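Read through the structures below before going on.
The two complexes that follow have chain A in common; it is paired with chain B in the first and with chain C in the second.
And now, the complex of A and B:
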């Protein structure tokens, strides 16, 4: 693993400032980080960086996607196909991504620590920081805190997921509920997004003012985070009420529907594109049931195309719109899958050597990073832990992880693991 | 040995052959002299049972998905996940006699020979049943109608009917004289697609006609709980072919969570089937098809194929053997010893074990 000696490049207290200082500097910029050094904050607000994290929950198999190794004793049965990068091959299950491989990077030597879902998912999505006895935010909440909204009229962090939606405060960890995420169940806007016709805008505004006043009184004696969550969820709903167009499927091009696919992940990645176009800072798209312990090869044949085609479409569409240079795309899981094939012809959890796909926002084009053993089971040399990836992400977003810290209850906290550093090989 | 009366309750392992990689298909030759097997290592392995000579046929570029001997012997047909079928003169040559390069869009999941040996029939991912001249590999006909990939094929004992089973639980019955569709049987309980799944799970993984041709057994699993672990209830649906309805639903009493990959009827109408279990032992199960509960079962590793010796008294199971490296990582401590899982080709004799002679 690539590490640097523990210690921060900048540990001085001048980077730790009070809420009042930030508000004064930023003129009360909505939702902005309360604990960021003013100069840094100004710098990063200038940047319109956006992120889309496509999270394949359970673990996509690296052998059946980005690192096929057909001559390995651990290879699956699928073809290895040429990509648009000379000499680089992907699995036949990702033909669309293979055609745009020159626009993306693949890190094939992720080497993380946790082989379990229950601990692995939060550990990976929080960047596995040093345990300081706090619950760190997931990446989307962290970015919402560190960069604020890209479009102040929209929530900074939206999560598109199957199943139910709603405001999910727990993603924010110690940052507080106001940095939680608005989850769109099945990509649909929250119910009641439409103001009933019987209520005029004036009456609605008066009602909201009354609600806020009641909240202020209620919060005087109660946990502020709960009230923040309540208030934030209302504010977000109000923001979305003004942007119903983002969810109006009648505005969708039929060709787009076809290119992204009618399955949930395809529809959700297309919705993510619309949210990014509208200016949402961070969009997470979840797909569940990638934990193919059983029947891995039949399932991979059906699952992996569900991310391949819409991801490739997203890369192309963002490039066509001039957005790819400032939008970071990440496709990943909490780990990869075992080289060894089990009794149910499945692959189990494998954090020792797995792949992540990145594109846009300062990511090299056509870079395949990392050397593995010939069979693909292990990293040759040192791999990259999730902390390295978080350093990379923050750096690409214009946030210096060495100079930017959280402060919580008197503790100065790194935003990414202090022993890690950016993965320079994948950065322009 | 072959004269011994069938008694599956007294079945015993009479022989085993170990192989260093996972094998998915294993078949006795029609003369009982050979076993052919194939799987992950892309090779067709031929073991001569007398003398234990071994031959390897190298011609596939990916995992083997199906193997079948010509009923008159002399030829072996192998298929793979890339749609290739090879025909081998396995006793005399290590080169294919002929090859079909694109027998399927992707995986040829099932091969079968008509009893007269005239036609080879294949089916797989593209959902089309295809007939080929067994002598030359030339196409004869195609039969369409399945909406999904086909997992399994079986031919009636009289050679007049073919059945094919697919992912969605549809079994289609076809006439072979002439080639035409006849009807569809409903094995949809063997398919599961819940609202929160992102893929179809299960399918008709195995088919077998009873010796008198009146029953059809369809193997798979019911009620899959997810499309990730794909755990379900191993199930065999026994169809009465006169009515086309399910007559009996066969169950297991032991622990298994995967589909029945293989079914074989014995000459007395007893049905043998084998399923899978994640990380622990599965079982070889025997039923009288009129009763849902098993007649007998034998603990065994997960197995993907069964073959009945021409003597009718030996059953071959391509059985998974853990190399100790399965399960979730991290496995860095096994860096130097991290090896694939292996196979034991287990031959079960289906009669009482002869008493060993006492010395002297």
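And now, the complex of A and C:
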């Protein structure tokens, strides 16, 4: 929600109450309209902006992907190859992305602060804001809150991940459980989206009609729209059930599957495309086990193609569909990997200088940003902290991070680190 | 000092005896401020369901409803309130309520849930004095009887305790005041936060070298707490201080005389100055209006669905009570009755304001919740909802008795939700955990608001357990209904069991039509009819 400045105490209270009453992500869009002033609501509906965050958990090696330095002392065994941008090279492990390099941008000088996974993952995904004693939302929940659903029939934040899924509240931080995420574990929706086999569509419609009738009677002479919220939540549930095909990766087109790859990450990125097409505001795709402390080169050879091919396909497909201009794509990890190759032929954690890939939605085409030392170990000059990236993301989504604030328990909170600025050189 | 205190209390109690009973005072003040027509008094059925849910934690069974509706005694509501307050279910339900309020479902410290719940339950079975309970929780050391109450101290995190003591016992959400004066609440200062913190700073966990158990001890105070606003340069300091009270002077002792007791029994030496003990002594007292106001506001909220001050932890001048006089009277009488929670619950339940219908007065389209002119519907807690569903569908006894074999494989709850594991839960505890995961707020968030939630509705629509409970077996509701021929009797049984009231003509007709249309699949149709009532707003709310 875009907040307006409140000059007195009750402003924050009102906000707090409406925050709690609104149904948010997990309750669907029912309460959304009530949160916004009409003018703003209209403006946001007009904005079709969507986001796909591809999260390579553990840390992709920049040397084996977007920033190869084959002549440096830290080089690995892989060659570098030409890309579609004259003079720019990627690792030979990302040939597909190399061919579409002119459609994307790479920031090669991310310089962040946390070298640990357990703290680094949430810290990066929350944009590492100034500590105000509250737990900030992860990016997906933040966008769900700030922009709401793009398609009111679908939750604004969906997370495709290996392992278990379900309704996951913890990413929402202080925004509250309703801005959590609907997680598709192994690309599958939570079990409760499926009607049990014992109940046919016809029976389901009949039993819901009975419930509606009971509710109409009950709410007829009673107070408060709160009561209607229950009925609304069932409507939302039914809408979601009706669209369950888009949540299930087994329904994906065979030819598409071949282009994206049959491994989970390929399937999940393809599924992300379909969710974006259906109008989901924010899709996060997770892949795990990129933490290549040992045997970095064999692991990279196996893993990196799994993101290369489907990512390139995604960029092309979104462009073909006319969606790239309003869809922001981000490929990143919590940090990069060390220049120094350790005794187990691995690379360790390296937040000092690493790469992020961006595309679409106001990102320049073919911009390779940032100067590093010749060996790629450090930034030459100033690097970009995650706060800068968050300012960039919000600005591209049409949210002014200087003028938009969260309000929580009377506190006015910046949505991104107050000392950072958007990375102008990567923006159109 | 103790004697003088008793005299004062007796004085107030005597004064209170001459005054009208509190429940009348409640009604007088609410009515005087109504500013419009109020709802009629609830029907017996409406009242019966509400008071059962509020005091005993679940819906009544059909026999109880019939008996209550048939009871012609003019005193039956008051008698019911008294018998419910004396019941085992009351102690269990209010253990749930207080535990959820105090811990917010966080897994805290070394005290087991069993020990903690037994402590709360014991308190609720006797005369639950909120000042005494608060003191027990704040002063707990882990020795002897104070072991269970120590749960509230959790792992002894000073900041968590500072925030929770302020919020849960004083109605002050001081989180923002940790780093600077509260930005929008003028009267909440950073010094309030750190004054409370100073009481807790010396508190730490210590493992007893003999019995290897964890205890809470206090270390030597080294002086005032220094703090600084993130917006300003000057440093401030404070000793232990309760909001609105004078600062406690930290005494200095001669070297070697700082301790009351040397290290013994496996625990470190006990300092003479123990600020947490002072907090436990000085916070839960009648002179501390923050404490008294917060207590009556929270109990009022739990019974009435909306605090006189709302939100509950925003008790300050910028957010005044809807009924200031009522708060003052509640506070005065609560003190006069020795902070007795049960007494306060009884008085609220006896009031007409509590017993109003949730139906709007005729010709009125909407009523502000803060006027209490109609009963404000309350969301059921996850525990209430689970028990109510089981009771309504006639599966309560069977399901609560379900136990896992000791050698059974651990139930895969995550797999259950993601659909990757087909196995069903085999114990009541597992089923309870499924309900908590679906219907409870995440750990650390207060359960004081109304959140229907998409996932919750999906659960009630499609969950395998819920569907199973609506299939005929083990003498449950649907099986019983299947044996009845007369649709009138079926409707009566179903409505009494699920909604604790008799069906109306129109509802009977709906049921008849549905059964006729589905004559060849009668059992399934009965399950669907019951499901529609179970998922209705009327069922899901305590109205």
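The definition used in the following text is that the second predicted complex is superposed on the first by the 333 of 428 C-alpha atoms of A that agree within 3 Å, B and C clash if a C-alpha of one lies under 4 Å from a C-alpha of the other, contacts with A are read in each partner's own complex, and residues count from 1 in each chain.
By definition in this document, contacts are C-beta pairs under 8 Å (C-beta built on N, C-alpha and C of every residue); 3 or more make two chains touch, one makes a residue touch a chain.
A quick note: this is a predicted structure, and the numbers were derived from the prediction, not measured.
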Partner chain in contact with A:346 - chain B first, chain C second, else both or neither: first
Please indicate which partner A:165 is in contact with in the superposed arrangement: first for chain B, second for chain C, both, or neither. second
Does chain B (first) or chain C (second) touch A:411, or do both, or does neither? second
Does the superposition put A:133 against chain B (first), chain C (second), both, or neither? second
A:282 in the overlay: touching chain B, chain C, both, or neither? Say first, second, both or neither. neither
Examine A:234 and indicate which partner it touches, taking first as chain B and second as chain C; both and neither are also allowed. second
Which partner reaches more residues of chain A (counting touched residues only), chain B or chain C: C
Quick one: in the complex, what on chain A touches chain C? 6, 8-13, 16-17, 20-21, 23, 26-28, 132-134, 155, 164-167, 169-170, 176-178, 185-186, 188, 190-196, 198-199, 203, 206-208, 210-211, 213-215, 217-219, 221-224, 226-227, 229-234, 236-238, 240-241, 409-412
Chain A - residues contacting chain B, complex: 58, 70, 73-74, 76-79, 113, 115-116, 162-163, 263-265, 287-295, 298-299, 301-303, 306, 335, 338-346, 348-352, 377-378
Can you list the chain B residues touching chain A in their complex? 21-22, 40-41, 62-63, 65, 80-82, 106-107, 125, 196-201, 226-231, 257-258, 276-280, 282, 301-302, 304, 320, 322-323, 325-332, 335, 338-341
If we count contacts the way the header does, which residues on chain C are in touch with chain A in the complex? 173, 175-176, 178-179, 182-186, 311, 314, 316, 318-319, 358-360, 366-367, 369, 374, 376-377, 414-420, 441-442, 445, 449-459, 461-464, 467, 506-507, 510, 514, 524, 528-529, 531-533, 535-538, 540-541, 543
